[in-house]
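In what follows, structures are represented as structure tokens.
Below, subunit A partners subunit B and then partners subunit C, in two separate complexes.
So, the complex of A and B:
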């Protein structure tokens, strides 16, 4: 068993935000007070109470508009750097069955800046009042009773898929081959490093700066994000859980 | 929809025009995406670049209101290049019919126009008839008076250049659009149209849809899998309310509302029962008297239909200017109404001229607002420019149960009647709408019985308890009554039925009161076999599975036929044109696949059984605003003239003299259109009370192009600060020089700035003392 994975086919995402709302509903997370800032994207960023966010980005390429949608969540890295950086026992659990990376209330004892900077995808968010850090937990409570994550069940177009890792990798590679006929720049984003495998139609940076772990990222604690992965087991191809 | 949601996956080319399906019908994209996976092209024609455009192979950003220029151009392109499906056009449409020689069209107006009444005398639009009473045809389609030739002549003016000039699309864009869509004009390809309010809410709304229906007929796309003309309904049961005919001009099952001069049921039936002398025309509406008698019987079970016909209200005219929704508020404003039930509707918010509606409501004696939450209609007297002290209207609020708290059916866009069971009990103090209506009418009956009145019989004779059990509203009884039952022991088609037995299908309805049916189209939905709408069986044959047809899942009108006009999907021998996705097929002894449009052997009846002559109507002689769609500008527009004729606006459009129109008015330089967002529903009465949705879309907003000069934009934005509209920045052909972006620079209009955040939902609610703050802190 290599645990579970998501396959997220962005070529099919219509940014309906069903997943974003389904996430809040299942997690009983409160709504934030927002304002319209000239984009549908709202809340503007991830937060302690918004652990899943659909990002909207407009690009004009060859006088044609590309409006790219990116449902962002924790990638549940195969070898999660955040867990490697954890200094508090029991604050982060790397579930052996699924590969889910689950944060507990003990994260309030962590150094949030360290945890955030360890993440190649800029995901963890802290509750300013309690210091507890939060992010997607793969709906591990649902998985334990045989349900799929809430976001996946809400998706109308087949963008969000979830299942055994081998099955998702297989699906991802087949989809890539099909999609490349229409979108030659299509790519799978960090498929070996993460459990949330995005398929893009266009280069990843046209969606969001943190969609793909950036090899040229300014070193944090002396390491690039790619190096971080390498340091933490270089599990790339092994896909162990 | 002639087809249904799942069927969209069978399409080879999906045209979304007059709709933003990805945002307003998100689930539809399940099927659009499946079609795309199999290689279908997706074209989005819309003034705005939306989430639908983002998924399309092609986006064509037309100027709002220029649809018929584009569609007329498509018709011309198909005719000029002979891209129509010839066998289909010959056999199944009225292309070969000869039109009366008196028919004429001159400078934007058809023959028979009366400027005083703003209506047409349509007699000259009729077809020439043979002596035996069958329409004259020219099978070669060369006669100058035949429909195909008249269409060629009519659409001569609809050149690429003119379409480009009015729509703002480039000629290259138009060519790409036309050639891609017209490629479906072969037997094995299917193109579909998904449209919504972007087409219907125009003074040429009917003709927008007519124009596309004609395109579909020319290309052989009606009746086939992945084709059809598909209206996307904006509310879960709009199709159901349409079928049960809430509008003034029709009664349940699309029967006509009686007119004052039709003083007997026989006279009424005679006016609306078409007669065909062609033995091959099924002319299904010839059954009209059976449906009207059964409808009347369903309401007055203790009277014979001829007597009870007199209980129906009658109209003095069919004119929209007398009875339509807009007129209702116009008359209310003039004090011609005393009371209003606003039931599941929020006209103070949803009307195009909401301010006018609010002012009108101030003239009422009473207003009853039935809704799940208080809304702008109920508190209109607190709105802008209102002085509660001088408003006499007494407002009552009746809280009703939400959809999941009651049992009943909804009919989706694909005509599926789907039964819903009741979930939780309604909150204390609220009631399902059916219970409210039942109790209300019981009280009205009681009052009429006690106090009499001008004409009490229609109310007192009403067999209202047919929808209740032991004095309580019963959704199953309503559904059974809508289907209909035998009112006495009857023999039909050699079968005997006992009194009280459900009518198995509308083919068994009678015109003598021996059957009742609240809606003939739904006859077959609740039979002696049970509630067909409650079925959830996915069993299907391999042929049905191939096109995603689930005949045992819920129930679909008519008689569970999932694709309307499906006899046009096969040739005269009953063999499917599309071998890879047949809808029906004659196997030598019977039809297989979908329920066919009539069970007759292939080639024995014309395909379009609901039309008097049996043919799809390229030429539509019954339409109010002309037999062929014609280009007219919206009543408010940025152009003084257009290249198609000297007639700027639709001469039959309903207009209110007191309402000012901005035509080329420099004070209103922008073409605006309103639209909906994914995250809110209707006027937001429900969704604005859901914090997660308010979080995603917290405010009403306005989008404008960054290309507008900043001074103009900011002035306009100020003005917009109190006007409920949003501005797409599509190219406008005749705006002052230098202010109109050319089509190429207009492209990034989506890179819009959000200006004038003029109505903060949360603030508004606090101001109005609505108790629930939508945002949790």
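So, the complex of A and C:
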């Protein structure tokens, strides 16, 4: 068994934000007071109370508009750098059955800046009052009673898929082959490094700068798995110094 | 921040251990917060319902606390043929239809020409509604129209809503309205 994974087909996402709300509903996380920033993306960023966020990005390419949607969450890295950075016993749990990376209340004893800088996807957020660090936990409580994560259950379009890792890898590769016929630039984002595998229609940077690990400096094509691992390590090393 | 050698080694060692043993080195398995316990029959009663928000009619599963009698979780019903568990953003938030601190706690009344709502009792409100409906209906009820055809209707009252009623409640509601002779009956669910 290689644990669980998500497969997220961004070519099917309509940004209805059902997943974002379903996540809050299950975890009973409060709403945030925001202002209109000129986009449907709301709240504007992840926070301690918003651990799942649908990002909206408009790109004009060849005088045609591309409206790219990106439901963002923790990627549950196969080798999670944040767990490596943890200095407090029991603050971060790498669940052996599912591969989920789960933060506990003990994260309040961690150095938040270090934990954040260790994340190639800019995910963890801290509660300014308690110091507890928060992010997606793969709905590990639901998994244990045989339910899928709240976001996956609620997805009406088939964007969000969840299951055994081999099954999701298989689904991802089949979907990629289909999508590439229409979108030649389509790609799977960091499939070997993370447990949340995104399928994009266009280059990952056109969605969000942190969709792909260190996307700003990573050439996207022709990288072997080994090189990608090295890139991930390199990103962490750069942030450290 | 300078290179922290201790952390660097620790990171590398952890990564190596994870790769080699697939995470078996982790001793802790308990989740930080276990919300799934609340779904057990010892704590909650499970019922099904239909989303009231639009005409699609998605199926929902509601878990109600046996202790407080309040809904504790509402999500899509995976066995329902319409939505197979999925919900839109509005449907996914339906838990707050009942559980929301911003809900008014009782009926509010604004008197004619007044600028403010004031809270009134249900008894007073329901009696007022009954009296006014009866008065308007009796004053405007028409047995026949201009052509002499039997219509038995009132055009003096219209009904709009309610957005928070489900299919079965709407049926009972419109039956009552039609028995009064209303013809202007509208509902938000046609959007």
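Definition applied: the second predicted complex is superposed on the first by the 214 of 241 C-alpha atoms of A that agree within 3 Å, B and C clash if a C-alpha of one lies under 4 Å from a C-alpha of the other, contacts with A are read in each partner's own complex, and residues count from 1 in each chain.
We adopt the following convention: a residue touches a chain if its C-beta (ideal position, glycine included) is under 8 Å from a C-beta of that chain, and two chains touch if they have at least 3 such contacts.
Note that this is a predicted model, so its numbers are computed, not measured.
Aligning the two structures on subunit A places subunit B and subunit C in clashing positions.
Of the two partner chains, both subunit B and subunit C are touched by A:25. Between subunit B and subunit C, more residues of subunit A are touched by C.
By the touch criterion defined above, A:40 reaches subunit B but does not reach subunit C. By the document's definition of touching, both partners, subunit B and subunit C, reach A:156.
Applying the stated contact rule after C-alpha superposition, one finds that A:184 touches neither subunit B nor subunit C. When both complexes are overlaid on chain A, the residue A:69 reaches subunit B alone and has no touch with subunit C.
When the two structures are aligned on the shared chain, A:12 is found in touch with subunit B, with no touch to subunit C.
Judged by the touch definition given at the top, the superposed model places A:84 against subunit C, while subunit B stays out of reach.
Comparing the two complexes, residues 16-18, 20-21, 24-25, 156-157 of subunit A contact subunit B in one case and subunit C in the other.
Note for the complex: subunit A touches subunit B at residues 12, 14-18, 20-21, 24-25, 30-40, 42-43, 58, 60, 63-69, 156-158, 178. The touching residues of subunit C, when paired with subunit A in their complex, are 1-4, 7-8, 10-12, 14-15, 18-19, 22-24, 26, 28-37, 39, 73-76, 78, 83, 85-93, 95. On the side of subunit B, the complex with subunit A involves touching residues 22-23, 26-27, 29-30, 33-34, 37, 49, 51-55, 59, 677-679, 691-699, 701, 744, 747-748, 750-754, 757, 762, 774-777.
Of all residues in subunit A, only 2-3, 16-22, 24-28, 78-81, 83-85, 90, 93-97, 99, 102-105, 114, 118, 137, 140-142, 144-145, 147, 150, 153-157, 236-237, 240-241 touch subunit C in the complex they form.
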